[in-house]
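Shared chain: subunit A. Partners: subunit B in the first complex, subunit C in the second.
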Partner chain A sequence: MKLKMMYSFLNTDLQLIEKEMEATLQSDSHVLRQASLHLLQAGGKRIRPVFVLLAAKFGDYDINVVKKVAVALELIHMASLVHDDVIDDSDLRRGAPTVKSKWDNRVAMYTGDYIFARSLEIMTEVKKPLAHKILSQTILEVAVGEIEQINQKYQFDQNIRTYYRRIKRKTAVLIAASCQLGAIAAGVSSDIHIKLYKFGYNVGMAFQITDDILDFTASEKELGKPAGSDLRQGNITLPVLLAMEDPAIKEMVLEIRETMPQEELSKVIEAINGSGAIERASAVSEKYLNKAFAELKGLPVNRANKTLYEIARFIGKRKY
Partner chain B sequence: MKLKMMYSFLNTDLQLIEKEMEATLQSDSHVLRQASLHLLQAGGKRIRPVFVLLAAKFGDYDINVVKKVAVALELIHMASLVHDDVIDDSDLRRGAPTVKSKWDNRVAMYTGDYIFARSLEIMTEVKKPLAHKILSQTILEVAVGEIEQINQKYQFDQNIRTYYRRIKRKTAVLIAASCQLGAIAAGVSSDIHIKLYKFGYNVGMAFQITDDILDFTASEKELGKPAGSDLRQGNITLPVLLAMEDPAIKEMVLEIRETMPQEELSKVIEAINGSGAIERASAVSEKYLNKAFAELKGLPVNRANKTLYEIARFIGKRKY
Partner chain C sequence: MLNSNKTLAELKDMIEAKTHHPYLLQFLEKPFIDENKLLLLLSIFEELDISPEERDKYILSAMLIQIALDTHEKVTNKAADEDSEGVLKNRQLTVLAGDYYSGLYYKLLADIENISLIRVLAEAIKEINEQKIVLYQRTINEISDLTDSLAAIESSLIRKIADSFQKPKWKEFSSSFLLLNRLIEEKNKYMESGQSVIFDILKKLSFPKRDKSKELSPDQRKYVLNKIDHCINQAREATFLALDRLSPDGDLQRKLASFIAGNIGTPNSLVEEG
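Here is the complex of A and B:
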């Protein structure tokens, strides 16, 4: 089953969220309006809004409140992507030119700031102090995660704990917050929104580990970029860390530079793929997924619960 | 009287705020901690915290609440400066190397994001929904102002309204918000905090216009950068707009490029200085100051009121 089919019953509300995002990003500044619309039209899975909506189904689901939370979280994600593209000097994202390539780095920096500001503005309409506290801590983790990601590039001697902390901040906390804040916006008890937070955290970890595995196992066509792109950029992910336990592979990895010819990089990728590291990394992802499933078992059984289960299972099995 | 002498009775509280900022910006990321401390040590007038404290004196002054607001506003200001330095490619600010020059643009972008996130985090400790609404709208205005400032550079055909809107967003709203939020944190009535907002707005406008005048009238030594630096960078300020009403000066201004030799630029500066535009711009600044004084007259008479008056008067008369 395709991902979008799993939550087709949310389509009306997701369309409402899309419209709300478009309305939120209106600006009398021409370039901000253009850059923001460009980003919206580039699309995306909108997985954070989906998690917000599903989590809200465990409480008093009022789309007029819940949609604010969904928009705020998706905009925070979007703003962080725009800044990431400046840092990574990326020209393409989701097959479309990035803001920094279509305009320039300055526009990208300020468009990120602007989208972020809009997201804060829409959140003030949600009258739940706890939601604001959680959101601000999430934003903080994401900001620290961004800078850690730069600083830890090409640091081949980092340990696995550093990796876990990095992907927690880069990916898992925002998904966890999406689940928790959707639930809080629907007024659920803390027992339930904490379980949903843990569900989101574990799914987020599994999601990122799977992403990091695909950099080695998926084809260039599936990835939309050459295999091993993360590795070439010095992004030391779980498969790399596990494979480096073999001294011969470690020696190869230590030679990696951004300018390394693709055929040499391919040899490193082959070595990593043949080392058993992919299977071990998959097992770790599986472990996180099982924890996510366990949280769902402690939650009321309903359609949202079933859908969260299916999405999590999909994430664990996706091939690209 | 020196500016700092006017509010020396706030020194204990200002020192507390300085310590709170330092504590707030702690991070287990080495580079974030270093870059943040570097910014703190570069100092600054801390005029926004001063306005927060003085405005809070009109209500129930609790330094433990008020300091959170003061820190949040100063950090938002600081974060926007870090991003500005990336945009302007500035190597020095307040005589110290900028984050983008001491580290690089990427670190500067993420340090800005990080400081901004910390500011939001500390604000969640202030349990006043109105304060959050005002703050988020302020942040939005500042973000839009930043991008307008880029887009309107070298746009010699902009009108004066565009200039006023730009400096409102660039400077006045954050000072206005400092006054209003300090008052709200101290639980004053809306009658009073709205007056303080208007006071801050008018002082902020006068402050920026004076700043824009000094680019023409102050010496390189006073400014810490060559006279006419704003003009060279295509920043079309009030003196320029007024001087351009003379077609001969307009013709000279239209020739301005970043690479123009300093002696040629000096001729343009001389022409603007001799056109009467400086005096007219000063009169506009005076007009804003008088509006600010009028707001103070509607507020309770106390030491804070007197100090706000003195600060505003100083701002109107300062020579650098």
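Here is the complex of A and C:
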């Protein structure tokens, strides 16, 4: 089943969120409006709003309240993408030119800051202090995670715990917060929103590990970038760390540079693929998925629970 | 006078401690703390019946936003292939540092559960970025639009705070005082480096039909500089008028008056002053 089919019963509410995001980005400034809407119209899976809505189904679901959280979280994600494209010097995102390439870095910085401000404005319509404590902590962790990622590039002696902490901050906390904040907006009890947080955290970890595996196993066509791009950029991921337990592979990995010819990089990728590290990393991802499923077992059985299960299975096992 | 100096110095220390990030500091300069804005914020919050702890957190959160915005202002357009590895890393960390400081502001106010101030400051960030784009894209047709835009960029944060805490007299003063400072800074920048966004816009407004490939003649250059001086004089007059409306007996107000009279355009000399 396709991902979007799994949550098709949310389509009316998702369309409302889409309209709300568009309305939120109607700046008086022509350039800001164009740049913000340009990214919005490029689309995306809207997985964070989906998690928000599904988590809210465990409480008193009022779309007029819940949509604020969904819009805020997706806009925060969008703002970070605009800035990420400046960081990565990327010209394309979702097949469309990035804000920084269509305009320039300065416009991208103003656009990202503008979208961030709008997201907080929307979020302040949710008058629940706990929601703001969680979201602000999440935003800070994501920023710290990105700084750490730069710091840890080409640090081949980092351990697996460092990797887990980095992907937690980079990916898992925002998915976890989406689940928890949706539930809090719907007024659920703390035992339920904490379980939903843990579910989101474990799904996020599985998602990122799968992403890191795909850097080695998926084709250039599937990835939209050459295989091994993360490794070339010095991002030391779980498959690499596991493969480096073999001294011969470690020696090869230590030679990785951004300017390394693709032919040489392909040999390293081949060695990692043949080392058993991919299978071991997949097993770790599976372990996180199982932890996520265990959290769902402690939650009321309903359609949202079933959908969360299906989405988790899909994104943990996706092939590209 | 001594007390306000001490508080300013303490606030600066607090901001430095909050923004301290060892890894960022390996590659980036320490964040610039705008003491004019710090002094204005302190002046507003000193008039309120709130605890020093609460006052410090409000000031700190506003200054974190200012620092975040100023940090992002340093991101350049230089193409990647022109960049050395160090320059590229510096740019990456500059983007992330600004995001990190913004996150700190939100967390600080969320922790003390002041949702309404989170909103007020977010509105200011929105307004500032809308005006920054106007300035950056040079989409300005009147000198008054230029000064309005500059005033908004420089003072929206403080004006929104003054509004929110019902201290309207500080709005007018902050707007003209910070505009005056910015104009003087821009003029100085132009005199030193020949580069200033204000000069560019005034040049465009003054000589709309000129051949852009040619340099300005000395007379034309003088004409544009006179325009800047005219804007500066107007802002100075407005600042003194607004200052008169502030309570004249406060330490901070006296300090502001002497600062305006003697040191305009020389920011960051306040803490060291007696």
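Heads up, the rule we're going with is that the second predicted complex is superposed on the first by the 320 of 320 C-alpha atoms of A that agree within 3 Å, B and C clash if a C-alpha of one lies under 4 Å from a C-alpha of the other, contacts with A are read in each partner's own complex, and residues count from 1 in each chain.
To be clear about the criterion, a contact is a pair of C-beta atoms (placed from the backbone, for glycine too) under 8 Å apart; a residue touches a chain by one contact, two chains touch by 3 or more.
What you are looking at is a predicted structure, and each value in this text was computed from that prediction instead of being measured.
K.L.:
Could you tell me whether subunit B and subunit C fit or clash when both sit on subunit A in the superposition?
P.N.:
clash
K.L.:
Looking at A:K133 after the superposition, I want to know if it touches subunit B, subunit C, both of them or none. Which is it: first, second, both, neither?
P.N.:
both
K.L.:
Considering only touches as defined above, state whether A:R93 meets subunit B (first), subunit C (second), both or neither.
P.N.:
Once the two structures are laid over each other on A, A:R93 reaches no partner at all.
K.L.:
Which of the two partners, first being subunit B and second being subunit C, lies in contact with A:H77: first, second, both, or neither?
P.N.:
So A:H77 meets neither subunit B nor subunit C here.
K.L.:
In the overlaid three-chain picture, which partner chain does A:H193 touch, first (subunit B) or second (subunit C), both, or neither?
P.N.:
In the superposed model, A:H193 contacts neither subunit B nor subunit C.
K.L.:
Intersection of subunit A residues contacting subunit B with those contacting subunit C?
P.N.:
27, 29-32, 83, 86-87, 105-107, 109-111, 113-114, 116-118, 120-121, 123-124, 127, 129, 132-133, 136-137, 139-140, 142-144, 146-147, 150-151
K.L.:
Considering only the defined contacts, which subunit B positions touch subunit A in the complex?
P.N.:
Going by the criterion above, the answer is residues 27, 29-32, 83, 86-87, 105-107, 109-111, 113-114, 116-118, 120-121, 123-124, 127, 129, 132-133, 136-137, 139-140, 142-144, 146-148, 150-151.
K.L.:
Over in the complex, which subunit A residues touch subunit C? Could you list them?
P.N.:
Result: residues 27-32, 80, 83, 86-87, 89, 104-107, 109-111, 113-114, 116-118, 120-121, 123-124, 127, 129, 132-133, 135-137, 139-140, 142-144, 146-147, 150-151 of subunit A touch subunit C.
K.L.:
Which stretch or stretches of subunit C touch subunit A in the complex?
P.N.:
Contact set of subunit C toward subunit A: 21, 23-24, 68-69, 72-73, 75-77, 80, 88-89, 91-93, 95-100, 102-104, 106-107, 109-111, 113, 115-116, 118-119, 122-123, 125-126, 129-130, 132-134, 136-137, 139.
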